[in-house]
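Dropping a structure here in C-alpha cells format, bear with me for questions.
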Amino acid sequence: MINVGIVGGTGYTGVELLRFLVQHPEVNIQAITSRSEAGMDVAELFTSLRGHIDLKFSDPVESKLETCDLVFFATPNGIAMQETKSLIKAGVKVIDLAADFRIKDIAEWEKWYGMQHACPDLVAEAVYGLPEINREQIKTARLIANPGCYPTAVQLGFLPLIEAGIVDINHLIADVKSGVSGAGRKAAVHTLHAEASDNFKAYGVPGHRHLPEIKQGLSRIANKPVGLTFVPHLVPMIRGIHATLYAKLAEDVDLQTLYEKRYIDESFVDVLPSGMHPETRSVRGSNLCRIAVHQPQNSDTAVILSVTDNLVKGAAGQAIQNMNLMFDLPETMGINQVPLLP
Amino acid sequence: MINVGIVGGTGYTGVELLRFLVQHPEVNIQAITSRSEAGMDVAELFTSLRGHIDLKFSDPVESKLETCDLVFFATPNGIAMQETKSLIKAGVKVIDLAADFRIKDIAEWEKWYGMQHACPDLVAEAVYGLPEINREQIKTARLIANPGCYPTAVQLGFLPLIEAGIVDINHLIADVKSGVSGAGRKAAVHTLHAEASDNFKAYGVPGHRHLPEIKQGLSRIANKPVGLTFVPHLVPMIRGIHATLYAKLAEDVDLQTLYEKRYIDESFVDVLPSGMHPETRSVRGSNLCRIAVHQPQNSDTAVILSVTDNLVKGAAGQAIQNMNLMFDLPETMGINQVPLLP
Amino acid sequence: MINVGIVGGTGYTGVELLRFLVQHPEVNIQAITSRSEAGMDVAELFTSLRGHIDLKFSDPVESKLETCDLVFFATPNGIAMQETKSLIKAGVKVIDLAADFRIKDIAEWEKWYGMQHACPDLVAEAVYGLPEINREQIKTARLIANPGCYPTAVQLGFLPLIEAGIVDINHLIADVKSGVSGAGRKAAVHTLHAEASDNFKAYGVPGHRHLPEIKQGLSRIANKPVGLTFVPHLVPMIRGIHATLYAKLAEDVDLQTLYEKRYIDESFVDVLPSGMHPETRSVRGSNLCRIAVHQPQNSDTAVILSVTDNLVKGAAGQAIQNMNLMFDLPETMGINQVPLLP
Amino acid sequence: MINVGIVGGTGYTGVELLRFLVQHPEVNIQAITSRSEAGMDVAELFTSLRGHIDLKFSDPVESKLETCDLVFFATPNGIAMQETKSLIKAGVKVIDLAADFRIKDIAEWEKWYGMQHACPDLVAEAVYGLPEINREQIKTARLIANPGCYPTAVQLGFLPLIEAGIVDINHLIADVKSGVSGAGRKAAVHTLHAEASDNFKAYGVPGHRHLPEIKQGLSRIANKPVGLTFVPHLVPMIRGIHATLYAKLAEDVDLQTLYEKRYIDESFVDVLPSGMHPETRSVRGSNLCRIAVHQPQNSDTAVILSVTDNLVKGAAGQAIQNMNLMFDLPETMGINQVPLLP
C-alpha cells in the first residue's frame, strides 16, 4: 500500500483525486490538508464522498506529510515550489498538479506566473508527467510536473504530426474549448452559472499561461521552436476539453494510420475510426483522450480533434497514472472507469 | 420625461432596469451610481448595452440624485433605508427593489435581515408595490417597497383562492423553484456554473427571508394569519421562477373561472386555458405572470402553477410598472416586450 | 459467472446497465438485442464504451436468450409482457425495467398504459424490486418488476413516516423534479436542448403513470389506501430526481432519529445529518438515495427531501442490486462507485 | 403598412419572425401557414406570443399569399423554390430564409442539398441578403436569399481582411461554434437535452452545407477563389454563434482601425475596443454582430472573433433588416431591441 498525502484538497482536482484514490486498491490516504477547512469532515464538504471516506481536513503543519510515500499538490500555483524540497529530502515523492515545475525556463515561468520561483533547481530535475511522451523518466522520477489540462489535449493531438515531421510547425493553430470547472472551485463572477451558461466566448487571446507550456512541449518533440496560435474558449459545461487543431501538411501521408500506429500501445489514447467526431461526454469522468483525424476536402490542412476530461486526463487521473508508473503498478489501476454517458 | 436615477447599477436588477429604461419613451436616465465602478462606462461592464447608453457609473455622493423625479434602489438590503429619507424630503419618489421597506413588523424584519432598521417611520408609509393588489395606493405613493421575486409569484398564485375564502389557510404549501440569477451577480462558490448546473437542490427549508414577506401578504388578503410551508429550490437555469402551490379546498368551486375573472383586467397576469402547464421560458424577459389551475383527480387539493421572470415581474419590470402608475403613464409602457423563446 | 442478456440496449437504461455490467466481476454479457441496430457494434453507438465491450447488437430472435441465467428488459412498456413467459419457462430469471409488471391491478394498469395486458398471471407472481421493502422476496423471485424512477425516490422518502403511522395519509403531497434523461433516448421536440434547457415546467398534473405505482406502494405500507397529490416537473439537467415531500404530522416525533433508524442497515439509503439539503449531483452516477428530514418552524408539516440518480437507483443500478440479491452476491457488488462531482 | 405572409411558421425562425413582426410598427401579419398545424392558434403552439397575436395557422393553399406585399419562407430547404415563381409573378416580394437561392452554381447546390433545383432562373436573379455587402441591390430586389447563420458570422468577420487584400486567402480557417437552436425545432436524438447538454463536439468536418455558401461569398469579395477550412461545433446553449477566424497576414496593418473604419456606418456591426472578447450573450435576442480583432504575440496570424444570435442576425432579424431596406423603411425599425443579459 502506498501512503498518500494530498495538499490542498478543497478544489476540483482535490475532490477528483479523492474520487479515484478512495477506491484505488493500493492506496491508503494518510492526510488531506487544508488551512481553511482544517477539522472539517471531508465528506461534509463533498457530500458525494459520504460513506467512502472518514478523514477530516488537517492543518498542513500537523499532517506529517514527510511520512508519506507520495504527496500530491492540488494547490494554487506557487505553493508546491515552497514545500517540495523538504519532502523530497525526506524521501517523499511529489506530484504537483499546479504549474510550479512545468516550465524549464525560469524567466519565462516568472513572466507568465507573476512571481519569483522559490526553487529553480528542482525545476531542472522535475519530469513533465505526460506518460505518452516521458513514460520511462516518470518511472524513476522523484518529482513530477503534472501537465495542464489544455496542454495535455493539445500535445497528444499534435504529437504524431510533429514527430513525423510532416507539417509546417511555424503556423500551428490550437482552437481549444474548456468546461467551466477548468477555472476551479473559487468564488468569482465570470464563472457564475448566470454568467457562463447559455453563453460562449473566447478569452486570453493575447496570451494564456498554457501557451508557453504547450510551445515548450511541442518544441521538444520537433527539436526546434514551434510557432503556435492558441485560442482558449469557455464552454457552458462542467467538464471536458475539446481541442480543434490545424496544421498545414508539407507531405501527403495517411494520417489515420499514422495516429493509430503511434497510439496503438497507449491505454488512455483512443484513435477513433476514420470520419468520426469525438465528443467530450464520451470521456466524462474517465482518463481517456479520444482523437479523430480529418483532412477536409483533401486540402493541405489537417484537422485534429482531441477530447479529454480536464479534471481527469487533464489533472487528477493523469496524476494517478503517473503515480502508478512511479510505484511500478499497472498503469491503469484505479483509473479505468467507464465514462458517464449520458 | 421622468428624470430617473439608479443607485447600485452593477447587479442583475440594475442591468435589467437599464434594458427597459433605455428604450422607455418617457424616461431620461440621469445617473447610475456605483461606488466600486465609478467612472467606468456602463456599456463596458454590460456589453449588451453598447450603443444604447453612453452614461458612466457615477459616485453616489456626486450624482445629485435629489434632482431626480424618481430614484430606483437596486442595492443590497440595508442601503435604501439609509438614503431614502433625504430623497423623499427633497421631493423625489423612491422605489426600493431590495427588502428594506417590505415588512411592516420592524422586529420581524430585523430578525430575518440581521440588522437594525434605520428608518422605521418610512416603513409604515411605504406601499407594497404589487399592482394587482395595491394599484390605487401605488398611484399616489412617495415610496414603493418593490416585492421580492418569490413573493410575487406565490402571492399572485394564491390570491384568488384566498380572496374567495375557499381554502384551508392554515396549511398552504409553496414549493418554489428559481433560476440562479436570483442569487445576484456576486462572486460565490455555490452559484458557480460548475456547482449549480446539471444539479438541483432545495435550500433554506428551515427558513428563508421571503417567508415573512409572503405570509404578511397572504395574511392581509385573508384578514387573518395564514400558515405557510415555503420550500425554495435552485434550478440550473438563468432566469425564471416556477411556483407550485398546494391548498386544501374547503368548497367545490370552478377554479378556472375564479382565476379568469379575478385577472381579466390585469395586463400582466395571464391565466392559461384549462389543462395547460406554464413554462418559465414562456415569460423569459417579459413582465408577465402566467398561471394555470389544476385539481388533479378531482381531489380536494388545488394545484396552482405560477411562473414569472424573477428579474422582470419579480424585480425590474414590476418596478417600472410601479413607476408608470406613479407617474400616470400607461401601465404597460416600455415593458410590453414579447418573451424570448426559445 | 452469471450469463446475462439485455433486451433493448439502445436507450439510456440500456447503456447504463452496460456501464455497470462490463465491470461487474460476476457477470458475463451474452447478448444485447436491438431490432433496429442489429449488427452494429455497441461501442459504435455508445462511444463511451469503446475499449470496454466488443459485442454487437443482435437480433432478438437469434440471440438465444433462453440460455441466459438472467435477462434484463430495457424496453418500452409492453414488450416484456410478451416475452417473459417463455423465458421464465426456460428457467431464465427476468428483471423488467419497464412498467409491465409493476401494477397488481390489471384494469388499473390497462387504463394508465393504454393497452391490454398480455400475461396477467405473471403480474401476480412478479416481485416489486424495491430492496428496502421487499428484500427477502426478491432473493427468491423469478420475475422482478423494477420500480420506476419517481416511485423509488418518493417511496423511500415517505416510507418511515407511513410505517410509523404518524402522518395524515389522505393528503400526502409529492412535488417531484426530474432530469431530462427520464424521458428516454428517443427523438422528440419537447426534450430538445433548445426547448428544455434554461426552462422549467410541471407536466402531467392531471395524471401521470407513476401515480398509481406510488399509491399502490404507499398503500401497502399503510395497509390502507392513501391519498396522494403527485406533481412531476422537468429540470434542465441530464440526470437526477429530487422529491420534495409534504405530510401533515399527527404526532410529535423525532423525525431525524426515525429516519436514521429505519435506514441504518441500508447500503444505498443515506440519511443526511439534520439541517442539510441533498443535491442531485451528490448521487450522480451512483446507486444512492440521499434523504434529509425537515420540520420548518416546528409546524405540523414534515418536509422530506429525497434525491436519486434516475438512471441508477431509479433504473439500472437498482436492477443490478436486485440481480445481486437474486444470485446471492454481495448487494453492493459492481454498483458501489463514487458519485461524479462536479 | 406592409401585408406580410409567413410560410412555415412552426420552427424557430418562424416564431422569431413573429416575435419581431408582431411589434413592428409598419407590418400587418396577414397569414402564417402550416400544413401540419392548420387551424391551431399560433399562441397555443408558442405560448410566449399569447396576448400579442390572435392568428391561427392556415393551410398554405387557402392563405391567399398572392395578396401579400411580402412573403417570408421559414421552411425547410426545397420548399421556397417551388412556390416563389408564382408569387413573384403576382407581384409579391419574397425573402427565403432557407438555402434555396443562396448558391449561384446550380450543380454545386444540387450536390450539397441532394435534390434537383426547381427554378434555376430565379437563382440568378436572387440577391444575397447580407446588407453590409449588398445593401443597394437589396433595396430593389424582388427575391432575397437570406444568408445562413454560419455564413453571416464568418463573412462579416473576414470581410475587412479580404477587401483590404492583406491575407493569404488560400488558407483561411473558420472554427465556428453554434447553439443548438441552429438545428431547428424538429424531433431528433442528437439534439436532445440529455445528449447535447454538458457536452461539446465538432461535426461535419468532412463537409458542411454552409461551406460552399461561405466560399462563394468570400470569393466574390476577393474576386478570386479562396481556400477555406470550415469546422462547425455544437455548443450546449440555445442561441448564439461564435466564429473564431484565422488568417495569415501578408502585410503589417493596423487591424483595429481597418475594422472600425469598415463598419463605422453599419448599425448592426459593432467592432469592440482593442483587447476585448465578444460573448454570444451580448447579442442574445438582438440583430447585432459584435467583432473583436486580435493579433496574438504580434505574430503574422490574425485572430478575428465574431458573434451573432443565429436566430436573429443569422436568420429572422436579418430577414426583417432586408424587408426594411426593400420597403424603404429605416433599416433598424422593429429590430433594435436591447440584448437579453443575463
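Lettered A, B, C and D in written order, each chain numbered from 1.
We take it that a residue touches a chain if its C-beta (ideal position, glycine included) is under 8 Å from a C-beta of that chain, and two chains touch if they have at least 3 such contacts.
These numbers were taken from a predicted model, which means no experiment stands behind them.
Here A-B and A-D were compared by C-beta pairs in contact; the pair with more is A-D.
In terms of the distance between Cα centroids, subunit D is separated most widely from C. Spacing of subunit B relative to subunit D, judged by their CA centroids, is 36 angstrom. Averaging Cα coordinates per chain places subunit A and subunit B 45 Å apart.
The distance from the centre of subunit A to the centre of subunit D, each centre being the mean of the chain's C-alpha atoms, comes to 39 Å.
Across the assembly, subunit C contributes residues 12, 179, 181, 185, 194-195, 197-198, 236-239, 278-279, 281, 284, 342 that each touch 2 or more other chains. If you check the complex, the residues on subunit A that touch subunit B are 12, 179-181, 183, 185-189, 191-198, 236-238. Of all the residues in subunit D, the ones that touch subunit B in their complex are 12, 15, 19, 22-23, 46-52, 181, 185, 197-198, 238-239, 270, 272, 276, 278-279, 281-286, 288, 290, 311, 337-342. Across the interface of their complex, subunit A is touched by residues 171, 173, 175, 177, 179, 194-195, 197-203, 205-207, 227, 229-231, 233, 235-240, 242, 244, 246, 248, 275, 277-281, 284, 294, 296-297, 299, 301, 303, 305, 307, 342 of subunit D.
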